[in-house]
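Here come two complexes built around chain A, the first alongside chain B, the second alongside chain C.
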Partner chain A sequence: MLKFVVRRLALFCVALIVLSLLVFACLRILPGNVAAVMAGTNSTPERIAALSEQLGLNRSYPAQYFQWIGDLLHGNLGTSVLTGRSTMAETWQRAQVTLPLIVLGLLLSLVIGIPLGVVASSHREGGLHSVLRYVSLTAGAVPALWGGLLLILVFGRGVGLIGIFPSQGFPEDGWSSPASALVSLALPALSVGIISGAQMMRYTQSALDGIAESGYITMAMASGSTRARAIRTTGLRIVLPDLISVTGLSFAQMITGVLVIENLFSLPGLASMLVTDVGNRDLIKVQSELMLLAAFFLLIGLLTDIAHRVADPRMRGVGAESVAPAQEVSA
Partner chain B sequence: MKGFRSRLRRALSKIGGTFGYIWHRGEGRFALIVLGIWLLVCIVAAFWTPESLDTSDGYNTWASPSPAHPLGTDGTGRDMLSWLMAGSGTELQIVVATCMLAALIGIVFISFTLARSALASEIAVVVTDTLLSIPIVLIALILAVPLGASLTVIIIACGVSYGLNLARIAKPQAVLAANSRYVEAARAAGSSRGRAFFRHVLPNVIPVMSVQLSICAGTAILAEAGLTYLGIGVPAGTASWGASLSASASFISIFPLTVVWPGALITIVVVALNLFGDSLRRAVDPVVNSQLRAAAEEVERGSGK
Partner chain C sequence: MSLIIKHLHVNIGGDPGKSLRRRSQKAPEKKILRDVSLHVADRERVGLVGASGSGKSMLAMSVMGLLPRTVHVSGSAVLDGTELIGGTPQDLADIRGRAVGFIFQDPGTTLNPVVPVGKQIEQPLRRHYDLSKEDRRERVSAMLEKVGLGASVASAYPHELSGGQQQRVGIACALITSPKLIIADEPTTALDAMTQLQIVELLVQLVDGAGASLLFITHDFSVLARVAQRSYVLESGEIVEEGDTAGLLANPSSQAGDRLVTAAKELTFARKESR
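Let's turn to the complex of A and B:
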């Protein structure tokens, strides 16, 4: 176990370094130099020179790279050239909207997906099975934007048929009034959760179907439990490691939908910050933000792999190579 | 030349048989019909759309469906039907390019995992396992900085992500084939590692890959819609389903009907692609398809194993 963790940590570090190089390179292969792009098309040569002096862009690439990495390691993500605000502070403030949204969406998707997956797997023939199959197939194929719009049309306050949830914005004072903050996240989290839940249901069902013919379920049934009960107790425990891996990956896969939904509901989260900064070509800020987010997702991947390992006692004696379940992709 | 032709004929008849199998089930037929209509519309829209894309009917913005505009118009009075038809071509380009890139990356990584050098296979595993936890939208944002909003951003971001996933899913199959008797025999008969890979390992992986690719095609369409809405996908002025959806999204509360069409269209096509993938799996996967399984057992017995 320890060997596995150490090896996985080493991988994590290597991946971080490779990613930082990638992000750095992508921001340097722009036509023209970074300072000229940031200063805008109408700027004078003196302004460009001053800006590149200020940002240290007139130094060699390796020098710039190591300066940037050194700053990152000291927790210094720089300040935005356009607004003068600290990148770290702004990212943290924005993440307070995005992270709860992701977590709520993920919880909803588990609450929706796993029970329905169990039901679908317990009823392998007949009407209920096909109804669930088509529902999950359709719900998983809905673009996040459209799903959010439909929910607004049904539940949005002021516009919807049953207007009970606000469809725009987030309380000014953030989480200091938790109730209204939660309510304003209800529809966004539901949009993300239903779509992701449909996929979670398909994973759960196919994982459970995969072990249905195995000796585990037969053994449990021989010990006196019904088929449904055997799947609920024994089956779920056996596929738990796979479900953990899938949940970890959904975390990364949901994020496109989350960013779209944030924009749709005008939530002041990471989406609007990233899109605005990429649009404004506030490049030094974008560089740090993207790196921070990438590191965050790598960390989630690391934690998922370790949790998978802990949840699967069969893996304890096995060598260090990673085992992950075969997995379908999603946007 | 003759050998090539007969091989081509065999391959074509095999593909024909697979499609026949898919057509025989209701789900598969639905998928094939929807995908067929999509291709047909692409061809038609390349030459003709009911209204020219540049025409905008300024007196009829946000119009409801009418004989002149069967699906209504958007905020600048452009004909929704014409834009959706034109968008199907863009969508097809994205899907085909993404799948090709994903297949290429998948095959390269699979060949790396099977490589003789432990270092190469180690690197392949490390790259797939770690990069998989990076979301598509983040890759797209990184690419959008130098490239701006463009089809290339969508294609590379999705292609890389799906390609790595493909490599991971197809790996067990590839390893199984690479360690099989027939590869051993081919190697003993003097064929090179590369030749053995392309002639014997790859054909074993292709069924798994094509199933996975048809699902990737669906998710690529969904990703296009999302990335375009975020402003890092299809550039302004290019017709695409995601662009039509995004354009109508901001006025949802005033003109709810307009937003129905692009969203429903995307959902139907993605469902069709997923059903196609499921049917294809049923047709080519011996674990699911009992006929194939029987045939495989026949061969096993015949080889006196």
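Let's turn to the complex of A and C:
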């Protein structure tokens, strides 16, 4: 297990370095001088030269790269030349909107998806099975934007039929008023959570359906469970490692979904910051933001893999190597 | 404990009712078991032999409610005065693992791969009895010793055990609650000859020691002589022969019985020659 974690960590670092090179190279290979793009179309050559100087863009590429990485490692993301604000401070402030939103969405997704998936699977022979299946197919196919709009129309304060939740913005003082902060995240979290929950449900159900008539379930029944109970306990435990992997994936998916949702609900989060900065052509800041985003994705992948290992004893410990090929076949 | 099965019919497919979609693609019904009658008396060890596909597993699973609802079971199966056919899922679950223990053919596909075996042996106790954690652990340790495994095996996962060890765990799962009827569905088929013998000896010893009855299912006549006093021969879903095992082995009266006996003899012969 330890060996696995170390190896996986090494891989994580390598991937980070490769990604940083990629992000760095992209911004410089793209047509147009970075400083010229940042300065805007109507700026004078003097202004561009000054900006180049200020950003250190006239130094060699390796010098720029190592400067950037060194700053990143020290948690220094620089200050935006356009706004003059510290990128780190702004990122931290906005993360306080986005991260809770993602976590809430994910929790909702699990709380909705897994129980419904279990119910659907343990009623495989009844009508409820097909009803739930259609519901999940429909809900899972709804685009986040459309689902969010629908929720606003139903629950949005001021516009909705049952206007109980705010649909725009986030409290000025952030989490120092926890209740109103939480409430303002309710509809956005529901928008991403329901859609992802529908996918989670379909996944849970099909994973459980796959083993519902297996020897494992028969054995659990022989020990004194009804089929429904056996599916709920033994079945769920057996598919848990797969559910963990899927959760990791929907976590990553949710980050993309949040991009749309933050803008729809006017939330001052990371996604809307990224959109604004790209719009302002604040390229140096975008560079750091992309890097952080990539690191976050990689981190989720890392944590998912480790949790998967922990949940599946067949992959743990000494026997790990001998099990690996079988896993590839099933994947 | 006695089990009396009378006129058992098992069909698969046909109309499960309810969903429209399914009704439109109604598959023809397939008869798996036809008018099967058999009984296991208190403390008796009974064999059920038949070729692969004759319906032995279906027989064992159908009376205990282990089959999906798409399988239709009719007839009667009485366990010490309690009718099993038509019982609710909960009624049957209450009986399984308490009054009746099951041992399956392949522990590799029945033991939960992600749970330590000690926890699995404990399952029937948890389902049916209200015992303290220490109590349960003690019983599991004692049971593991009984089936010839050390108490330390409790924390092992199935994939860390050999086939023979896994089947010993399977037996421990079936016997932990001291059920009075054991149904063993080809418990030795997945094992090599030496291990087969050990497992059969162990099973017989434990069943007799507990004063339980045994329904031993197999397609291999060669182990049957050791296990069963009386045996039934199943062929294409029907009982074609019944009698005491020694007599059956000496001169089977049905074709199916004859084939199985011949096959067992040839196998034994081949085994001796290859030594």
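One rule holds for everything that comes next: the second predicted complex is superposed on the first by the 316 of 331 C-alpha atoms of A that agree within 3 Å, B and C clash if a C-alpha of one lies under 4 Å from a C-alpha of the other, contacts with A are read in each partner's own complex, and residues count from 1 in each chain.
The rule we apply is simple: a residue touches a chain if its C-beta (ideal position, glycine included) is under 8 Å from a C-beta of that chain, and two chains touch if they have at least 3 such contacts.
Just so you know, these numbers come straight off a predicted model, no measurement behind them.
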Clash or fit (per the criteria above) of chain B with chain C on chain A: fit
Which of chain B and chain C A:V14 touches, first, second, both or neither: first
First, second, both or neither for A:P143, with chain B first and chain C second: first
Partner chain in contact with A:G224 - chain B first, chain C second, else both or neither: second
Included angle at chain A between vectors to chain C and chain B, based on C-alpha centres and rounded to the nearest 10 degrees: 80
First, second, both or neither for A:R314, with chain B first and chain C second: second
Chain A residues touched by each partner, larger count belonging to chain B or chain C: B
Partner chain in contact with A:I152 - chain B first, chain C second, else both or neither: first
Which of chain B and chain C A:L249 touches, first, second, both or neither: first
Shortest CA-CA distance between chain B and chain C [superposed frame, angstrom]: 9
Interface residues of chain A shared between complexes with chain B and chain C: none
Footprint of chain A on chain B - complex, ascending: 125-126, 129-138, 141-146, 161-162, 165, 168-169, 172, 212, 215-216, 218-220, 222-223, 225-227, 229-232, 242, 245-246, 249, 252-253, 256, 259, 262-263, 266-267, 270-271, 274-275
Residue numbers on chain A that touch chain B, as the complex places them: 11-12, 14-15, 19, 22-23, 26-27, 29-30, 137-138, 140-146, 149-150, 152-153, 156, 158-159, 248-249, 252-253, 255-257, 259-260, 263-264, 271, 274-275, 278-279, 281, 283, 286, 290, 293-294, 297-298, 300-301, 304-305, 321-322, 324, 326-331
Partner chain C, residues of chain A touching it in the complex: 125-127, 130, 213-216, 218-229, 234, 237-238, 240-241, 311-314, 319, 323
Residue numbers on chain C that touch chain A, as the complex places them: 16, 18-19, 21, 61, 64-66, 68-70, 89-90, 92-94, 96-98, 101-102, 104, 106, 109-116, 120, 123-124, 127-128, 157, 159-160, 173-174
